[in-house]
Each structure stands twice: as structure tokens, then as C-alpha cells.
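In what comes next, chain A is part of two complexes: it sits with chain B in the first one and with chain C in the second one.
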Partner chain A sequence: MAKMIDPEFAEKVAKEGDKSLFLCYQCGTCTASCPSSEITSFKTRKMIRFAQLGLKDDILPNDDLWDCTTCYTCQERCPRGVKIPKIILYLRNLAAQAGYMADAHKGTAKNLFIFGHAVSFKDKHEKLRKSLGLDGVPHTTLGSKKALEDLKTIMKANGFDSLIGYKEEK
Partner chain B sequence: MIGVFLCHCGKNISTHVDIKKLKEELSKDPGLYVVEDTFLCSQAGQGLIKDSVKEKGLDRVVVASCSPKHHGDIFKNCVGEVLNPYMWEMANIREQCAWVHQNDNEKATEKALALVRGAIEKVKLHEPIGQLTVPVSKEVLVIGAGIAGIHAALEMGDKGYHVHLVEKTPIIGGNMVKLDRTFPTDDCSMCTISPKLNEVASHPNVIIYTLSEVEEVSGRPGEYEVKIVKHPRYVDEEKCTGCGTCAEKCPIKRPNEYDFGLSKRKAIYIPAGGMVPLKYTINRDDCLHFRTGKCGICVDNCVAGAIDFDQKEKHIELKVGAIMVATGYDQYDLSNTEYNIEHPNVITGLELERMIDPSGPTSGKIIRPSDGETPKSLTFIQCAGSRDERRNTYCSKICCMYTIKNAQLVEKEYPEMEINLCYIDIRTPGKNFEEYYRRFRSAGINMIKGMPSEILSGENDTLEFDVYDTATKKLLKINTDLVVLATSLVPSEGTKKMAEVLHLVYGPEGFLAPVHVKINPVDTANRGQYIVGTAVFPKPIQECITDAGAASSRVATFLKDDKLVLDLVTNRIDPEICIHCGECVEGCNYSAIKENEEGVYEVLDVSCLGCGKCAAICPSNASEMRFGSDEQLKVQVSGILSSDPDTIIAYSCEQCGYNAADLAGISNLEYSSKVKIVKVPCTARVSFELMLYPFLKGAKGVMVAGCLEDQCHYIDGNIGAKERAMMAKKILDLIGIGGERLQFFNMSSGDGPKFAESARAIAEVCP
Partner chain C sequence: MKFSMFWGCIAPLRYPGIESSTRDVLDALDVEYKDLEGASCCPAPGVFRSFSEPTWLSVGARNLALAESDGNQLMTICNGCYGSLFESNYELRQEPEKLEEVNKILKKVGMKYNGTTEVRHEAEVLYRDMGEDRVRGKVKKELNLNVAVHYGCHFLKPTETRGLGEAEKPTILDEIVEWTGAKSIDYRYKNLCCGAGGGVRARNPELAKAMTLKKYEAVKEAGADCLVTPCPFCHLQYDQAQPEDGLPVLHISQLLGLAFGSDEKRMGFNYHRIDVTPVLEKIK
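== the complex of A and B ==
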């Protein structure tokens, strides 16, 4: 079925994402340099083209969007100076707001509620730290219940918990 | 006594401007002699002006009629028969009054009266303008002996001018002699250029200086003094017969730069066969004699006795009337980039040209430089360094066509070879170009619409890379034996050097800039200096030829008489007031201000184009225009304002703003009659003082209308003027008048609607 282009969406991406969006002349250097494109169905050039045309429905529910590793090789090679990762990250924000965040990203985000960090903290980490003569638990949210609670309060106040579908276990 | 001549223009003016009332009002001034006529531009009308001048003893004339852009020259010449042609001023009451305010005759008449009064005040201060006559030399200097320079030298030589053709390398022919065949005809490059090489070498009016460089140019247009250094060849050009025995016997072998190292040359050499002049050259750094003092094999074997180790650098001084710069391009240096140019099997388009040339280093065979084997696959990569924000943002123009040519030539010779071509867009505008491309598409080349990311070294000296074909949306893995890069064209070292030596204007990429890209494509800002070929921008051979022909015509026009006669509508610097700050010298785009022997700044009238920039930027007001001086413009402004204080002064540049206003008039694009135009040569002329002066006299506002940015006819006049306007706005804000009452507008000369819109916009905020 023919698709309607949505210039308003495209302009929004250019304005809020990066204004270099429309400079892309579709040479494909980004896709050719992308380590993810090689093994996933994510194609950088295609995503930028969707954005130029404002094809919102091809972007937001698209799982490919979450396959970018933000390694920035595309930006380094882009002959037009398009800030590709910045645009991809902005598109992800829109997708997340529309309820399309990838499970893996939700999982990582949940760590913030459990540990106060994007990465987990386990017994083996504690052992390793002690063997180096460090305190077992670092003096961050991990070592301070209050700091972790404060962080949770901030995240909840911003609706981050519902965005990532996190429910605190009682 | 001033004569004021009011024109009805048939009914064009008189329908909307009450000429009777104008006459009545103006006649109240006993210093004016006011006359009206139906058509002042007619023979009868002109006769009326001339007779009145003689009979009434008028010493100045104001013509109130159409735009000076329309009939200005007619009236100037008419007045010039009886008075100095500059003792005259024109008030544009047709385009700027009758036509643009045709819905309000009262306002049109009121504005016409104000414009005429402004013109009267201005003409009162006019002084006779003299003429400058300077002799010119009929000799022409052509710098660079590539195809453009050679063609220019031949054109000028054939016209009977004496030409000095200066070439940096030992041979003439530039890059074109390195090419195999040329698009869109596939004829052999040498076959087309060779007759020209010989013709120019034997032309009675052309002297060729090889191994020579232009070091210094001084003097003035029409009589430039040029210093040339001729590097030693160590071979007497008069004696050498080009037999080649010396090179045969010379023991030193070096990679031949001409063939990009694909062949070897000796320390004494000619880069390739069929070269002009057929004279050998010793490379001092390679020669055993110069390195050890021992070898003399070439001397022993030269029957003509042409070897001369004692040859010294020669300094040559010339006097020429005009200069043509044809210093060409180089290939962009892609070292240390993702293109892997360091790999022996990654070559440039020019290197491939040498390979496929049947008389070239490989006798026309395509080889992998790493092992000399025939490649099984070859991949062309376009836009290497072009259209790239990190390198050269422009399109190099010729690469699509020469790659198409090379790809199909290779395909014809090697039908088995797998040929890929990676591209972003294929661009083929040009006569017979698209037809050529269409034929090429049937040749069976793998066209990949996508660019590789990084060319990596693979096994067995192959190259491998990923490329995403945007047409099939497939990520392809390419492994190829030979990569040919369509390397970006950049200005040559010689082009950059000449920009410095001649003080030529150049663009951000270093290519020489014409005065106007469309209207004056081969003229430079420096009178008497012209630019041709790829020193201006990458272009195919046919356009280099066109350039050379065009510039030759321009030079011939410039030097057609034994002298140049110019009206002195130039600038002058008052040494009594000058504080010697050097702002004007720095600011002048035409090298027209020089320091004389007494250390005083002087305007070189023959170089001055009268834009008025120096007068506007001079901090001590020492710099003044002979015509359109500060005082003249100020009295014109106050003349207008004393007649009608409800006025916005619109300084409009003669090149764009004024023309746009005329067009607004012709198209009846009505705007407020408050807006009254004062013509200036360039917005560069509008000094800070001139921007603020109208407010002193009660003006409601000031607008400045200049050319589009980057399209100023005096290079950058509108840029500085805009900066001054920004500053003036701040001052107006500070003193409570309001910065919005001064506005700068950029517009093209064809944009009448933009002028009308701008005039309406400023009228809106200047009640």
C-alpha cells in the first residue's frame, strides 16, 4: 500500500534530533560501516531515509531501531556530516514514549531501580573488591539505601518506571 | 543656473505625476530653469536639453524621467556634448513614482518632487570628472601550459598579440597529455592535443618558457611588470636534438613521476614519448654528477654537446598588458584515509589513464601494481574526497564521465573481468553526455548505488570492503584485485601560488574566483587579469577550451587600443587627513591602493572600480569618491527630507537593489511612498555615517538594499555593509530611535517582489 509521507514528523526529527538529517544523500557509507548492519536487519541508511520522509510507522514500532550500538563509526565516515547516532537516539526516545522500547533496554533500565546503576552488582563483584582491599560495597547507591530510594523517587516522579514497565516487588 | 527637465514619458509619467505642479513648485526657486517635454529621450528632447544649456548658460542639469538604468547613458552623452558629462543627475520619477504609486497620484507627485529636489541638491556639488589615459602593452602573459593555457596562447597569438607562455614543468600539455582517451567521443587525447602542442611551440607570436615560474607581478593593468625565474635544465635547449642517447646511457634509474611510478626514467629524461619540447632534462637530485661529481656519461655521449652542468637559474623580466592564469588542478591527496591509497592496488583515475594508454608504461595493459598480473576484478569508487564535508564539499564534475569512459574501455578490452562501480549519483549534464552514459549502461558493469566504508587490505594483495547497495537494500561484500578511485580535483600548487602573487580572489576551496560566476566567468576582480580552465573549477576539456576562447576575447577587447581611457569616477585619498592606518589597502579587493615612494597612500586609478568601500571604511574620512562623495550623498538625502520629511531613505546598490526596485516599479508592486531611493555603486559605499545621517535630518527610517550574500558584484561589499548596519542598529537602540528603523536587505537584481516586500516591511515599523 502506498504510504503517506509526513513532513511534519520529519521536521520534528530534524529540529529535536539533529538538523543535519536532511543533508543525507543516501550514499550508504553508514550502513557499510555499521557493525550491527552486518549481522542484524538494522540498516542505518534506511532508518535515516524513513526519518527524512517522516515514515513514523516504519520507525517507531521497528525493532531494528534498537540494534544500533551507538559506536559512532557511521558519523565518523559520513561524508555529509550527518549526526546519525544523535538522530537514532532521538528516534528511540520517541519510540520509547510510544511504548516500543526493546526488552533488553527495559531490562537494563530496570537495573537502575534495583542497583541504582545500569549494570548489576553481584556477590562475585563484592568478593573481587574485597580481594583488592576495597570496601565490599562501593559508596554509591549500592552502599546507601537512602540514596537509592531518593533516586527511585526521582525516576518515579518522572514516570520512568511506567515507561520501562517496572513494578516494584513488595 | 541649473536646468531641470521634466519628462512626461508620453503619458507614462504624466498620468500619475502632476508635472504641472512639479513645474510650479520648482519654478519658485529663481536658481532653477524648469522645462517639461513629452519625450526627453527623443532627438527633439535631447535637442531641447542641449539648446537650453547653450541659450540659458546652464552649468548643471537634472533630468527627471525614467530609470538611469534605462536611458541614463543617452542623457549622459547628450549632456556630455555641451557640458562635462558628470555635471548631470537623474531623478527616477517613472519606475519609482508614476508606476509604483499609480494608485495614489498625490503621493506619487509628492515623492517625485522630493526626488527631484534631492537630485538638484546633489548636482550642485558635482564637479567635472576627467579622464585617465594610460598606455597599454600588447604583450600577454599566459601562466600554465595545459590545454587551457595553450589554447589561450594560440588564440592570442593568432590575433597578433605577442604571448609569453610560462610553464613550471619541463614539458607543455598539462594533465591532458597523460590521458588515454577522452569523453564523450573516445578519441585519443594525444591525437587531439598533439597538433596544438606543435602549433604553439612553432607559433611566431608565442614564446614558451618551460621550467619557469612567475615570481612577482607589479605595475598596473595594461602595463604589468612580471618577474619570471627559469630553473636550469642542465641541457641546452638550443642544442639538444632529443635523440635520447644520453638517457639510454645514463646509469641512474628512478620511478617516473609522470607515470605515477608505473615506469622508470633516467636521471636525464623526457617524461614520455611525443612530448613538446623534445628536450631532455637532468634531475639534479638524481644525477650522479651532482651527487658525486664523478659521472659524465651523458656528456661523453651527447653528439650535440648540449649537456651543461653549469647552467644557472635565469631571471627574466617582462612587461605585459594583460595576464591569463591557467594553472590547473591537482589530484586531492587521500593519504591516511579509509581509502587505503597506500596499498599498491589502490590507484587513482589518472593512474588508470596511464595504464590504459597504449603508448603508456604498461603498453595499454591493466595490471595489479603489486605483482604485474592482470586483475580478475576491478572496482571503481566515485567521489573519493568530493562531496564530502570532511574533505572537499564540491562535486568534481568530471569524474562520473571519465569513470564511465574508463569502465567501458576496460570492459571492451577485458570482457572476462568483473567490473564494479560504486557511486552516490551519476551526473552527466553536457552535450552528448547522457547518450554516452546510456550506451555505457548496456556494457554490463555492476553498478552499486552505495559507497564503501573502509577499503581493507585482503589476502593476496586484494582489497575488501562492505558496501550497501541502496537500490537492492543489500549489504554486499566486495573482494577485488584493483580499486580505482575517482579522486577529487583540487587547485594545483601553481594555482594557489598565483592567487598569492597576483592577489587574486579565491573561494574557500582555493579555486580562483571570477568577478561574477555567471556574467563575468573569466574576469577577475583585477582589471586586465583573467582566469581560465581548472584553476577556476574542475571542468572537462571542452569547457577549458571555451574558457580560453572567452578570456582571449576579453583580453583582446582590453588591449584593443594602444591606450586605456577611463572616467575618473574613482577614489582619492587626502594625504593631509590620512592617518596611514592601512584599512583601505587591506579592504580594497582590487589592489588599487598603494603606498608611493614618499610613504603616502595613493589610489591607482586604473585599478579602481569605484565601489566606494574604502571611502566607507576610512576611519578618518581621508578617502573620498570623486563622484558620489559623502557630501553629495548627504545633500541629496537632506534635499529629499526637506521636501518630504515623511521619508525612509533606501540606499540601493546599482547592481541589484536599484534594479530590483525598477522591476518593482515596472510590475506595479506597490509599496509605501515613504521609501525614497538613493543610488550607490555598492552597499560597500554606505558608511556608518551615511546610515545614521538621515535620522539627523528627520528621516523615519533607513533601508539598505544590496546583492544576495556571496553575490556582491564587488566581492564582499555587502558583507561589511551588513556588519555596519548591525552596529548602527545597536546605536539606534541605545539612543532610543530603535534599531528596527534601520534594515539591511539582500536581493537579486531580478527580484522586484523582494524589494517591494522589504520596502513594505520597513514602512510598517517606521510610522
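== the complex of A and C ==
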């Protein structure tokens, strides 16, 4: 089936992602500099080209999109000043909205609702802290119900709970 | 000047020896600081910014607003926290309409951010605010170590906004390491990412590991005694994903702690996966 280009999609990426998108002239310095492109099928230059053409079906379901470690080497070396990681992060936002989220990532995201942190906190971690002379519970959202509630209110106001499929356990 | 400490997630919850070492180093240098009370995850750029930029921005703004009401600069000990908070701060300062949007959300919890918080990284505070004489002045034990310095990605990059100099041949960390008497050795792939960032460690651990292995082979070949990083997430990746005979991994605070003669028991080395004993034996 012929692939359809979608200029509106491209315009949206340039507007909401970064306006430098159309500055890319496809030299490939980014791919040559990318530690993921070297060993995976993710090719930075190609992903930017997909975005310029608005080939959203080549972008949104594409696992390659998630192989960027956001190391910024591409942006540092880009002769056209394209803010590549910012564009990739925006494409990921669109992929997430379209439902392409890995379970592992959803799990990490849910930790933010439970702990206010990206990783879990259990008794063993509290003991470990105490054994080093630290307060067992850090003075963060872990030590303050109000702080955790405030954080959850902020995330819910952004619709982050429904985006990741998080439901409060009653 | 006083700092509000933003400890992040990986250091306080997985490698708390990094937190206690940092406290001891800051105390030794007479740096005034307090914990940033009620802080949350920065939130991490890999997962949270990848999923929802607006959520990432407003959760970051909440942390920035907490430091603002302390009236202190915010200090991180992690490249991820530094990257997230520095970048969200930058966006909020550059784009008033984004700040306005974020403040509509913060208002729901009775908060407001005015854009005045300065985001700092411990390593950069050591380098620019403390300086060589003050740090060297606290060294009680010259460390006879060959150190493979790993900068990580989000400490210096994007250089355009960080303003810490260029990232292809940086020297900041190498200099700090050498203030302890250790030697920062050159090695292949020095600027290579640890592999964990951008949500890759969670979603594609094999890819993260492949990058870690390249680093592992290069630092072994160069004859380093240990890897030193300013980032607990790189620290975690190297400590967990190198083979058993991998190099011991130290956070910059742990290295300084050893040089300052801090209490080794508070550095948490017994909780590292890769045995740190060879390093401790060598500096005896």
C-alpha cells in the first residue's frame, strides 16, 4: 500500500515539537554520531525525515522511536541546529497518546502516583538508609502525604493518570 | 549562599551511600544546605517527558517552586535531575505562556512559580563556587588511582543552554578528580552514553547493556581502577549491567569522600554489586 504523506502532521511536529524540524537537510551527521543508530535499526536521520514528510504511520507504532537515549550528541553536532532530541520526545508524546506505551514504562510512570518517585520504596530501602546514618524516610513526597497529594493533583490535571492507565486502588 | 538539596530518586532510594557521601563532602567544605522538603521525582526525562511534556513541565515546576519558596539555589547530585530541572526551568523562563499554563495547574495546590530558581549540579558547584584551592585544602589522603571519568550526557548537554563549556573534550570532572591526587586516564568511548537514558533501560535493557559493554571493554583495556560519574543513574547502570569483573563505580561524592577521609562506612560500598574492595585496598 502506498504511504500517505500528511503535511498537517509535519506542521504539527514543527509547531509543537520544535520549529527547527524543517532545517534538516538530511546530511546524516546525527545517525553517524548516534550510539543507538550504530547498533539498532533506529536511524536518527530517517526518523527526522519521516517527521518532515508527516509519515506518521512510520513513526507512531515504530519501536525504533524508543531506542534514543537522549544523549544529545546529534544535536551538538548538527550543522543546522536541529533540536533532534526535543523532536523525538515530542514524537514519543504523540506515540504515547496513540497508545504505544511499553508496560515497563507504564510501571515506572505509576510509581510516581504511589511514591512520588520513579522507583519504589520498601522497608529494605528504609533499613539501608538507616544503616548509613540517614533518616529512614527521605523528606520528599515519601515523608509527606500532602506533598504526594499535591503531586497527584498536578499529574491528574494534565491527564497523566488516564494516559498511563493508572487507577487509584480503593 | 544556601542550597536546597534535591536528592532525586536513585541516590536516596537505591544508592543512599551517594547521598550520605555528598552530605559529608558538603559538610567538610562548610557548604550550607537543607533538604528540599516535599520534593518529588524531577521528573525523569526518559519516561515522563517522553510520555507527556506538559506533565513533565508542571511536575518540574512544582519542585522549582519549592526551592523558590526556600529562597535557595537548588542543587542536584544527578545528571537526570539536573537535565530535567534545568531544561524545564529554561523552557518556563523562555516561554511566558508556558509558565502561565503551568501556574494555572500549580494554583490547584496553592502554589506559584515565578521563574527565579537557579538549578545547579554538585559537580559544577564544586568546580565554580568552591574551586581547586578550597577542595584540595580538604584532601587528607592523596588517591593513587587511575580513574576513568564518565561525564554522562545531561551534565554538559545541550551545551547551548547549560553554559558549562563544550562537550566533545570537557575537562571539568577530570580536573575535580585530579584534585584528589588521582589520575584521570584517557580511554576510548569516553563520551559514550551509559545506555540507560531516555527510558531505554526500562524498555530495551539489551540495548542499554550493549552500550555499557562497549564502555566496560574500553575502561578495562585502558587499565582504570574505577569509573567515576556525577550521575546516580549512570552509576546504577554501570554497577548493575557490567559483567561480574566490571570496574567498581564511584559517584564523584564517594571519590571526594575517600580523599577527604570521610567515614567509609557511610559510603555504602557494601551495597554496590561490583566489589569496591580493590579500590579501597589500593588507596590504603
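Brief remarks on what is shown
As a convention for this text, the second predicted complex is superposed on the first by the 164 of 170 C-alpha atoms of A that agree within 3 Å, B and C clash if a C-alpha of one lies under 4 Å from a C-alpha of the other, contacts with A are read in each partner's own complex, and residues count from 1 in each chain.
In this section, contacts are C-beta pairs under 8 Å (C-beta built on N, C-alpha and C of every residue); 3 or more make two chains touch, one makes a residue touch a chain.
Since the model is a prediction, treat every value here as computed from it, not as a measurement.
Legend: residue contacts after superposition of the two complexes on their common chain; A:A102 is shown touching chain C, with no touch to chain B. Shared-chain residue A:G133: touches chain C; no touch with chain B. Measured by the number of chain A residues touched, the leading partner among chain B and chain C is C. Judged by the touch definition given at the top, the superposed model places A:I5 against neither chain B nor chain C.
In the superposed model, A:T73 makes contact with both chain B and chain C. By the touch criterion defined above, A:Q26 reaches chain B but does not reach chain C. Overlap of the chain B and chain C interfaces on chain A: residues 73. Across the complex, chain A meets chain B through its residues 25-33, 37-38, 43, 45-46, 73, 77-81.
Looking at the complex, you find that chain C touches chain A at residues 7, 9-10, 12-14, 16-17, 19-20, 35-41, 43-55, 58-59, 62, 105-106, 108-109, 111, 153-154, 157-159, 167-168, 191-193, 195-200, 202-204, 207-208, 210-211, 265-266, 268, 271. Within the complex formed with chain C, the residues of chain A that make contact are 35-36, 39-40, 66-73, 75-76, 83, 85, 89-90, 92-93, 96, 101-102, 104-105, 107-109, 112, 116-121, 125, 128-129, 132-134, 138-141, 144, 146-148, 150-151, 153-155, 157-160, 163-164. On chain B, the positions that touch chain A within their shared complex are 338, 383, 387-391, 424-425, 449-454, 465-470, 473, 475.
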